[in-house]
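One structure coming up, written as structure tokens, with questions to follow.
Chain lettering (A, B, C and D) follows the sequence in which the chains are written, and residue indices restart at 1 in each chain.
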Amino acid sequence: MARIDLDLAHSYLPDPQQDADYALLPLQMSFEDGGAYALLGPSGCGKTTMLNIMSGLLAPSRGSVKFDGEDVTQRSPQQRNIAQVFQFPVIYDTMTVADNLAFPLRNRRMPEAQIRKRVGEIAEMLELSGQLNRRAADLAADAKQKISLGRGLVRPDVSAVLFDEPLTVIDPHLKWQLRRKLKQIHHELKLTLIYVTHDQVEALTFADQVMVMTRGQAVQVGSADALFERPQHTFVGHFIGSPGMNFLPARTVGGKLEVAGRTLALPPNLGLPDGELKLGIRPEYVALTTADDTAALPVTVVQALDIGTHVLLTGQCAGSDLKIKARLSPELAAPQRGDTVWLRVLEAHTCFYKNEELIP
Amino acid sequence: MELTLEGISKKVGAQPWLYAMNLAPKRDAVTVLLGATQAGKTSLMRIMAGLDTPTQGSVKVDGKDVTGMPVRERNVAMVYQQFINYPSLRVADNIASPLKLRGEKNIDQRVRALASRLHIETLLDRYPAELSGGQQQRVALARALAKGAPLMLLDEPLVNLDYKLREELREELTQLFAAGDSTVIYATTEPGEALLLGGYTAVMDAGELLQYGPTAEVFHAPQSLRVARAFSDPPMNLLGAAAVTLGVQLNSGPALAISLPPETAKNLTANLTVGVRASALRLQARDGDVALPGVVELAEISGSDTFVHLTTGVGEVVAQLTGVHYFGLGAPLTLHLSPAQVYVFDAQGALLVAPKRPGGP
Amino acid sequence: MSTIKPVNQKAWWLVLPVVVCVAFSAVLPLMTVVNYSLQDIISPERRVFVGTEWFAAAMRDEELHSALWRQLTFSLAVLTVEIPLGIMLALSMPAKGWKASAVLVVVALSLLIPWNVVGTIWQIFGRADIGLLGAMLQKMGFDYNYTGNATHAWLTVLVMDVWHWTPLVALLCYAGLRSIPDAYYQAARIDGASRFAVFRYIQLPKMRGVLMIAVLLRFMDSFMIYTEPFVLTGGGPGNATTFLSEYLTQKAVGQFDVGPAAAFSLIYFLIILLLCFILYNWMQRVGTADKEGAGHE
Amino acid sequence: MNDNRTLPRTLFLVVYIVFALLPIYWMINMSFKTNEEILSSFTFFPQHFTWDNYKTIFTDASWYSGYINSLIIVAINMTISICVALPAAYAFSRYSFLGDKHLFFWLLTNRMTPPAVFLLPFFQLYTTLGLMDTHIAVALAHLVFNVPLAVWILEGFMSGVPREIDETAYIDGYSFPRFFLTIFLPLIKAGVGVAAFFCFMFSWVELLLARTLTSVDAKPIVATMTRTVSAAGMDWATLAAAGVLTIVPGAIVIWFVRHYIAKGFAMGRV
């Protein structure tokens, strides 16, 4: 096990000129020993590139990778002693399940008795014990993926285990059980686990620390509630949560806030600089209120959709084409399309952004 | 357009894929076909399109029987879950192709208008293979819309996209559907998607059409256990129970005060199933709530919600809590449940009691 | 799901041209062969029905027996050399870049040379007086002479076939290798697998399908070999390189023994048909197994 | 990183390439020599470089007409093969119909039948029809193995095109011919190229049937080449030049289909 420090940039082009040429913009990041991390972002954000750089399948075009302070940038995956699980099951067709699991250990010449013990433990953990003697090729996709997971976890001394969207092929209703397994395994084995995914549930459920990435850039590293409550970047606000955060262009003038042609009273000691900024509020925190509320905007209801657990209201701010979404309790009587309602947008959870970055 | 399916069934070889069903999707509205994979959604949709013929029954459009009519002569549009475009044509020609075939005028202008509605106006000169998945699907949607067909079929059009992209495109779609005047049929496996699309929903399972009606109504009052199971995500918690004088008694759990229909209430030995939606389980107790103590198996966090999997005395349950909550694996946790928010199904799976909802019937 | 092909009997209209074409150029002639094989044609006006006599004669034909043995030995030798060589070649071919294209073209080249020219090339190459190979061997002290020495002739035909057809095995394996997803190699690197383990546990199992096809194809094609030995040795010296097709041609065209030749043709055809049947079933099986195993799409 | 391991492979590859090219080189080398030089001295490069052998071929009608005949035969055969195979391959890849599997198998058997089996009946058949020594006779005879091959290759490429594209086109209102020509054909043009290439090759190289069915007027180059013994003995130099010229078209075509050649071989199972 090891602490991993990255200080690097990567481009697939020989001579990158601008930001867009980089698959990974210059970044510094440390993964603590024994932590559970997730890299979250849409496809093409650079998360798999980063994973492959850590595992040693890819060398960064600039900078270094350090394991426990030692520079391993030029070392192969074997030398780094890293395990990786891929998106699609990779199994050795001709081997049994047990041989598949033992393969990484045999390659490292571990004594056979120890191998058997270790394979038994991992199989137990992944509920594969009953199938150990079956040919791996005959199993269903999710069992195959469990074998891939098992091969990643079987080595007791790995520096880290890297997962590249490992649950893609798993049936939706089985996913949560495997997520639970992974979490349990993290608890029991205390391995450093790094998990790449585009699925917010997967990332937030699995990891203690989630790194949100977009366009080759890491925009925030934090826990699930930090990402949800205090997004450091508008992209995080947009990407986490469904629907994502509402963003309203605003302007501060002498302690007052101008939004959509209205002036709202700002609470004191927010310390916002004067000028253009963006107001961010999650649909979960937007509340119905009355006209006398000085923190509210009048909104024409475009749609009020009963989504079972909540009512999802989409409104248009009066006098502009700004849209705002609110997730309202189903126990209140839902407004009707065309109604004008007042929505409170300034409260404790409201965030303010300048140049897409959170104003602290 | 008025689409009516009468006694439609489909067999492939000896195997039934669709059991006899009648369906008249609401004219000029969105109808969601909801069901797991293999439920028969695609088969039904292909019959509606005219790509397949039903083994029995007839398809009527505005009262006219079109069952055997080749697809070319029907006026329909279809979007698949794979991103299907003509690879050898540029985006602009792809969108224009149904218009050109009908020899219409102002093609260029209309293609541009559609492209800008779907935010692909800058991609018109590219080939489909050069686009991302989301963009390819936008092109396919634009081509389908270009036809202006009165019947538009979409077979899980968003399933192969990242979830955020899915959200964006779904919202645009609802707006497009609302603006247009076509009958839209939209197949999906996700209950959440059906709810977000609104409109009407037809729930399918194993080749059967189970229930059809306004989406919210089907969701809140599923006629049967099968519908409830198919139309809930996370899955509805189903607990074994028996009828007692007070209401129902959960097997190895507390009793809930519910007024059962008189016939059931009389039969105190009846096996019942109590259905509890994940969102009906709460952390804070309210008056009249019943407590369900248990142990946390896993807390799944989506940001907006936290889904807690819990082992309790009455079995495994899932609760949906708003916002981010942390629970350690194996931590004790008590959830609360209001008897007014449960469903009760009889031994045959038919709905006996559904929760009252504000503004609802 | 729509993965099952729709039933459409009208599709027969699309196949009809092919059926007509092939019927004209294959069925009609085959009927003639059957017809001949049952008659003794003494002159165009005089034909005698002889039943299975020609078949019986063909079965008893000593020369045919020895041609068949020669054929089998040759085909087996071809497999033993070409399959391992083809696998090795496929493994050493570069995977991408201009080098891959260049090597691919060079390797494929011999497949695209007219078969009689293949014979000619080796005829020239092997002759002791004017050929590089022949002259070199002579210089090294071997008394090499493929036109006079039966063993030398046989070996030369074998080397020629290896030269000509190993690329087919290599290309099939190469295509099989290229279809292995990168993740397998990455996983193997991470699992610390040796080069041999990668070959033994990833590449060989994934090439199983194409290899089987290669084996059967090479077996059948070498079973029908005609042109190259005809040009190179003309079947000689003696009968050393007279394989089945050559023998049949001698009988049919050379001696004009229509009846026995026809009977022999049919036997030959049935042997091929049997092989073909095995091949076809094999490929169907491998095809479905590959589809089930892929799961990537 | 693993140079020490790739070295033996590169070495092996180089040795094989030498083995593959040397015989061809030797023939090319000889084609630029005179017969005297071939028989008298033994050299890696022509000492008296000459184009005479090629000149002979391009000026002597008995030689160059062989090439022309070959090209005519191949062109007819290729055209017919592709034209009949296209619809059939489409049917096999898109529909299931009564007897489709048997039909496919039967086509396959024709690809696998030794041409020697057909020798006798073809001779009889074409004599009866009065087609002996015509281009069309050879072209038709070659259909036996080329049509099944073309069907097979095209079917493989067509199956790679999702069926939803066809359906979308029909929904959009395309008629079958229009869809096939404007949408579908461009998608499988690589397949058509590969199929045409193999038809070309197999018709170009086939000797047995071509030699038997022709005598003078339609005699293809491969048959011409088998008779080069003149009064002065073997005309090695001209033979070598003729051989080089038969390789050229194949070498040119292969360059164009190089990206598909491995796939074509895997799919065509040729």
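Here is the rule we use: a contact is a pair of C-beta atoms (placed from the backbone, for glycine too) under 8 Å apart; a residue touches a chain by one contact, two chains touch by 3 or more.
Since we're looking at a predicted model, the values are computed, not measured.
Annotation for chain A: without this chain, the others remain one piece by the touch definition.
The minimum number of touch steps separating chain A from chain C is 1. Taking A-B and C-D together, the chain pair joined by more C-beta contacts is C-D. Centres computed as Cα averages put chain A at a distance of 26 Å from chain B. We define each chain's centre as the mean of its Cα atoms; on that basis chain A and chain D are separated by 56 Å. The geometric centre of chain C is 16 Å away from that of chain D, both derived from CA atoms.
Looking at chain D, residues 164 sit in touch with two or more other chains. Residue positions of chain B touching 2 or more other chains: there are none. Chain A has residues 76 in contact with two or more other chains. On chain D, the positions that touch chain C within their shared complex are 2, 5, 9-10, 12-13, 16-17, 19-24, 26-27, 30, 38-39, 42, 80, 83-85, 87-88, 90-92, 94-98, 100, 103, 105, 107-110, 112-125, 140-141, 143-144, 147-148, 151, 163-164, 201, 204-208, 212, 222, 225-226, 236, 239-240, 243, 246-247, 250-251, 253-255, 258-259, 261-263, 265-266, 269-270. By the touch rule above, chain A contacts chain C in their complex via residues 55, 57, 76-78, 82-84, 86-90, 92-95, 103-104, 107-108, 137, 141, 148, 151, 169.
Interface residues of chain D facing chain B in the complex, by the touch rule stated above, are 162, 164-165, 167-175, 183, 186-187. Within the complex formed with chain D, the chain C residues making contact are 2, 4-12, 14-15, 17-19, 21-22, 24-26, 28-33, 36, 88-89, 91-93, 101, 103-117, 120-122, 124-125, 129-133, 135, 163, 167-168, 171-172, 174-176, 178, 195, 210, 213, 217, 220, 223-224, 226-227, 230-231, 244-245, 248-249, 252-253, 258, 261-262, 265-266, 268-269, 272-273, 275-277, 279-280, 283. Interface residues of chain B facing chain D in the complex, by the touch rule stated above, are 49, 51, 70-72, 76-78, 80, 82, 84, 86-89, 97-98, 101-102, 143, 147.
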